[in-house]
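I've put the structures underneath this note.
Two complexes come next, and they have one chain in common, chain A, joined by chain B in the first and chain C in the second.
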Partner chain A sequence: MNAASAPSKLYSDDVSLIVVLLDANPFFWASSAAAAGDSASSHHPTTTLPFSKLLNHVIPLLNSLLLLNQFNQVVLVATGVNSCGYIYDSGDGGGGSAGGSVPAICSEILRRLEEFVVKDRLQGKGPDKVVATGVSSLLSGSLSLALCYIQRVFRSRARHPQPRILCLQGSPDGPEQYVAVMNAIFSAQRSMIPIDSCVMGVQHSAFLQQASYITGGVYLKPQQLDGLFQYLSAVFATDLQSRNFLQLPKPAGVDFRASCFCHKKTIDMGYVCSVCLSIFCKHHKKCSTCGLVLIYANKFHSYSNSKRKPFKYDFCFFFYKPH
Partner chain B sequence: MPQVRIIAKNFMDLVAALPAMKLDKLYESTFICEAVLRSLPPMAKRYVLQMLYIDTLIAAKSMEEWLLPDGLSKHKVSVDRLLQLRVFLEVTDRKKETSYKINPKFQSNIQKYLVNGGTLPREPMPLSITVRLPTLEDLETYASEQWECFLLQLINSAQAEKLTSFSSSMIKVFQRGLLSARENEAPKLTENGFQFLLMDTNAQLWYIIREYISTAEDRGVDPTDLISFLLELSFHTLGEAYNLNTLTDVQRIAIKDLADLGLVKLQQGRKESWFIPTKLATNLSASFTDSSSSKEGFVVVETNFRMYAYSTSKLYCEILRLFSRIEYQLPNLIVGAITKESLYNAFENGITADQIICFLQQNAHPRVAQKIPTVPENVTDQIRLWETDKNRVEITPSYLYEDFPSKEVFEAACDFAREMGGLLFEDSRTMRLVVRVEVHQEMRDFLRRQR
Partner chain C sequence: MAAISKVAKYKTTVKEPGIPGVLKMMEDVFTFTPHDPRSAMKLRVDFRNIKGHKFSKDGSKQALLNLTQDSEKGGGYIFEFSNFTERNDCRDFVGKVLGKFQALVSKQNDQPASEKSAVSLEQLSTIEMERRMKLLREDSELQKLHKELVIGNVLTESEFWATRKNLLDDDSDRTLKQRTGFKSAMLADIRPSTDGRTNKVTFSLTPEIIHQIFAEKPAVHRAFLNFVPSKMTEKDFWTKYCRAEYLHRTKNSVAAAAEAAEDEELAVFLKHDDILADEARRKIRRVDPTLDMEADLGDDYIHLPDHGILRDGSKETADSENDLARRTLAQDVNRHAAVVLEGRALDIELGDTRAVAEALARSKQESSADTLDENSNLERQERVSRMTEIEDLQAPHSLPYAPLCIKDPREYFDSQQVNALKALGSTGAGSKTIDYNLNTEEAYSYLMHQISEVKAQGLHNPIVQSEVACKVLSGLTQQISSTRYHLGKNPQESVLDRLPERTKDEIMLHWTSIQELLRHFWSSYPITTSYLYNKVLRLKSAMTDIYQKLKAIKDVQSDFRHQISLLVQPMLQALDAAFAHYDAEEHKHSKKNGAKPNGFVQ
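Right after this comes the complex of A and B.
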């Protein structure tokens, strides 16, 4: 805040680096488009949004972020099913944000998105996956990519902008990514990078609720997706400094449930390893994460069996308490 | 502590001071809308973005509902700024409720920008004509050389090796306020002049540009044209060549002066001539906000009060001489010592300790810039102590009251002054009372009532 008193590495102004994670999961957007087609005649036509229309909202958002400050930087990362990749980086184009006309940038984004989707599909063909109904995108991957990018910016420049991450997520959470996502969230928290999330799917995303809650970002699930730009510009374009003074959407409730490490199921109650804090839905003899600890615990067990009371601290209960 | 009076960052104040008609005309250009938007405080930017696609009026009261409790002062500053620059237009309805809407021209321009993006003010010239353009480093050296040359001429015309082509009357205009020009005496830097030299380049640039614009009318040039041209210039691409023929007459005259300042480099080809914007020009619109340029520093201060400045520039040598004793000068190194005498000299010229420390910190050599503190603490403390040495006497403007008719009136007056927090001195024997200037009016009313 007080840039005058101490020489800070941050710009004193509202210069921001925004990494936008765009969900490019073809399964989700196809189902969304189908739903939009189905419900066009029925009661709620605004809860779904085809992908092409989404870009009509997102590209002006990127533009407006670049407009706000000459030094602002925007990075667009696509989140696919099997991979993720950089789509657009405003820092690449030789500095000046006023350069590069929007139609050119727009077609560039579209081209690279197309390439990305094709590549992503090819990658998925290796180990043949059964296409389930709710295919999730690789959120953990794109979060890590964003964090790596930000870390690189931190290290490469003497002064760096204030970073934040914006997740535009549609597809449902993949419980199998729980550990990776949580790790990404905690490392974002450590580096003081807020994760904003805008959920466009039907359900709330527990991952992103937690991400925004822990890192101090904003979580929002817009009710009307056809006015998405207004949400994006009014809420997510707000720089970190102004956030101290403005009312922003507050989360109604955060779903803190964890996924178990053994079957990747979301659970309310389970077992926690007392050493490595891994979570399991069933009682295990050996912790699959840190292994060794339980061998020791078992030995200790057998030694102590005869003299003392059975000692059962290797696993204890983990409670999920709704707030 | 005296405020830096000639702070130049408020270029936009100049724009805000334009009459409404002219300001509205300026907003016809997308660049100016863009530059103005970027100059706004962060909160104001956000308001503009939020209201960009709202066509109805927004009541001032409903805007206040967007705020958290501590946001009110920032909110007021932002809205005032928006109104000053006529980005927001105020509408008062019959019930005296104020509401705001965005200036329609500004609104449509920014909307267009969001959808279509910014266009370049003019097309750069193809490489086939310009053949060889200077590299970015060359351009930067050129810009800083030109700027230093100008500054050196400004403070000490005798020292400058090559003179810029500014007429001596122009230089006089720039020197006004920075140098005291007494008859029959070598011009001497004033307090403001010293402060000016210690500012960073962007702030200095804006000060000069502001002077340049404010005297535009005397030269028969409309300041609005100049402002819009300067703003436009900041949106050109760094290092590209632009044809001079695309400029209007006014702009062509202005660009010569700007070349002297190092904002653009002029080049001539076989048939055509062109200008190449330098970093100074492209940073113009950025420097509205206080994010200053990140220049590499050159000064190392040691705990023994010795100062090593890795610089070849004469200008920096002159600046360092303002507050230190230069001991010797090597081709790329200036060695000096910060002494009590040299600092007293500086303080007498109106430089404050904070300015000196700030200068040393801002220009710290990259090697020491990473250390905390960049300037050794014993040095900064000593500089501050020496400053307080000079300021043993504090001057408070005040009023002396005497000849009170009675002891009662005197005591009542004393009590009243104490209550107002303005009593500086009282002597009940001689019935004399000294009161701060701020309370004088209340004091007079009080004494009148006593009669």
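Right after this comes the complex of A and C.
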């Protein structure tokens, strides 16, 4: 055809928008470093990874994602304990010559990360601080940031890239975020954004297992953390188009357990409000979400063991008994 | 029943070519005489030895009929016919003969077994018999069950059918067949074919397509009624129509205009369809005034892949200067959808085009008479008036948001915050390996230190260490290959499919008979008559037989032993429950009746 139709030849199939969520939980990294220090001489050198090493794996990954296609866009979001924030956006630098070089990207990421950590610490110190809200990172917050960013990209251009989210998670799940995380997962599912997850902590993450399962992403818990870059580039760098032809790791099972709304505990079996589907670990006289007063205590339907049902509705709770 | 004879080939297995000859069927015997008098394959078989018959589906490769002997011994007489109608004649004949035999056998068996002659000697009408036979013919599983239970003298014919009344009833209703509607494929799919060498373009019209054209394009329909056969022949009419279609398709508006100017009949096809336009206007007037399409606009899927259409008509500029119609794709799609939804109201055969056109016209008149109903108009007006907003009667519209309805926010958030903290305190401290008892300051300074370390040292070079990378890749490969063929991960895969064919059939057959027997068994309680008592006795002995067989299947050593026992276990349990009930009843009874020897007297 002619020159006018040239732009339409940029098939968006090849172009990816990758939002990387980096776990910047100081408690996790410091304590895992301490644990590693204790057993430094022992035979477990690969179970933990210092944060500096992590950056050494992640920053090259961002660069290689950008190298895979010149239209690829990479966004880095830090997940803190008190806040979340955008660290780096490859779309921002734009055409400037300084924006392209690798050391510049690296130093910018590090600078912004430092700023983020300082800010995160200040927020924790604020007057209305809650005593150690816990040690889990705000996964729900960073997922929401990523989803919002992707929605903005969708709305800003006619031809949108293939979006996906990559969670690099170390700290354990915060059961108190259950509802928020599940909502984020379902909205990602609705917009067809796969959530890939790479868990670097000691335990598996039930949230991320569900997230990847529901959205069709890849869940992986690497065994050799010192070879993290290899995992990242072999498994998570593949774009959605190529995934059709590749055999990627599949989890052996998914932990579908939900958290109860009353104590934020992860439970196998519980009570579900018949009106608003809130989940509770024990009998209540009144549903705390919708205020339904229960004349008969058994109006809460007890569900158990309805495992591995396909997710048919936008928001479902499935109770899963591991054995 | 008269005898029939057909030319057929006799074979002992399906694959062999077979011996040509003549198959003759009489009331109680069938014979086969080969064309070649030297052949030894002469047959004369009594129908009493035939236990069932199978046949290949109509339209399959061969027209086969297999008259089976005892299922245990296997084997049978296979005949191949030259066509399906001959095969079907023989099949129906065999079906009738076999049905008669079965009825006879079961009747003979019934008489001594049951004292209540009214039940077993129930006179069956021939229609009823035929219906039963037809059901048995159509459903091979039912036939197997029938063979095992009725001919095996466990249930009587009437008992067997008593629970299947619905099948028999349904059958009569089924004759009222569902009418086929219009195809959902669009007319646009009927592409003209060119032969490539000449400039000839061929359209092929079937009565089906013609009917669809009439329904979708009222102008063509009207033209047909006006022109054919007074002005032109039907063939000329369709040639003209196809010509117009072709011009429209090639988007050659200049040529179309020229043709239309010359030929006024052809112009009819190219002009706007005024009947359609009228109808559309009428429909728009009927649209519910509460419909707000803009409200749905935000809910777009357009940004998702595979949504939306490539040609939405927005880029197709309308040629306003000539009055030839520029039908847009959207119009076509909508019109087609409307016609498909309206359905086909004609009961007329599609062969005669003229008749179809007239019938369609009649049905349209009727329906348009319906739509002019005053009531609907009134109702519409009422709705409009109800929906019309009168400004000074309205509540203020400035509600900025819909508040989230949590009945008592404090209860929801505060109490739970405390709970959450408590829960965290207990679980977090005891968390297995990582100790979080770290000072906040320490933790943050550690993180800052790590970042500045990277800043100072820069990135490692090389990033990939070959040894580690190799380990990682081989680990990944192993993981992927191990999860790939994991058993039971595929929900579509059934356990039964993995068993050997024979075992699978056996288990399925036992399962169906157990279901049937148990249904009869439990429905016989409480035992009030000696007839029921005898029935239960019969059922119990049949169930004991199956129980032994199931045990035998379960104990066979094979690779699938575990899976088979998982399948068989529930069946055994169901039977056990029945036996236990039987024993308990028996016990109770003997206690009650004390010394009475043979238990059951009314």
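One rule holds for everything that comes next: the second predicted complex is superposed on the first by the 266 of 323 C-alpha atoms of A that agree within 3 Å, B and C clash if a C-alpha of one lies under 4 Å from a C-alpha of the other, contacts with A are read in each partner's own complex, and residues count from 1 in each chain.
As a working rule, a contact is a pair of C-beta atoms (placed from the backbone, for glycine too) under 8 Å apart; a residue touches a chain by one contact, two chains touch by 3 or more.
Because the structure is predicted, anything quoted here is derived from the model rather than measured.
In the superposed model, A:Gln230 makes contact with both chain B and chain C. Contacts of A:Asp255 after superposition on the shared chain: neither chain B nor chain C is touched. When the shared chain is aligned, no partner comes close enough to touch A:Asp196: not chain B, not chain C.
By the touch criterion defined above, A:Pro60 reaches both chain B and chain C.
In the superposition on chain A, A:Gln247 makes contact with both chain B and chain C.
By the touch criterion defined above, A:Asp173 lies against neither chain B nor chain C after alignment on the C-alpha atoms of chain A. Taking chain A as the reference chain, the count of touched residues is higher for C when chain B and chain C are set side by side.
On chain A, the patch touched by chain B and the patch touched by chain C overlap at residues 60, 103, 229-230, 234, 247.
Chain B makes touch with chain A in their complex at residues 34, 37-38, 42-43, 45-46, 49-50, 52-53, 65-68, 70-71, 74-75, 110, 113-120, 235, 237-238, 282, 285-286, 289-291, 294, 361, 366, 369, 372, 374. Across the complex, chain C meets chain A through its residues 303-305, 405-408, 411-412, 415-417, 419-424, 427-428, 431-436, 438, 440, 442-444, 446-448, 450-455, 457-460, 463-465, 468-469, 471-473, 475-476, 479-480, 483-484, 486. Those residues of chain A whose C-beta lies close enough to touch chain B in the complex are 7, 11-15, 60, 63-64, 67-71, 94-103, 105, 158-159, 229-230, 233-234, 237-239, 241-242, 244-247.
The touching residues of chain A, when paired with chain C in their complex, are 24, 26-35, 50-52, 55-57, 59-60, 103, 106-107, 110, 113-114, 117-118, 120-121, 124, 130-132, 134-135, 154-155, 160, 172, 175-176, 191-192, 201-203, 222-224, 226-227, 229-231, 234-235, 247-250, 252, 261-265, 288-291.
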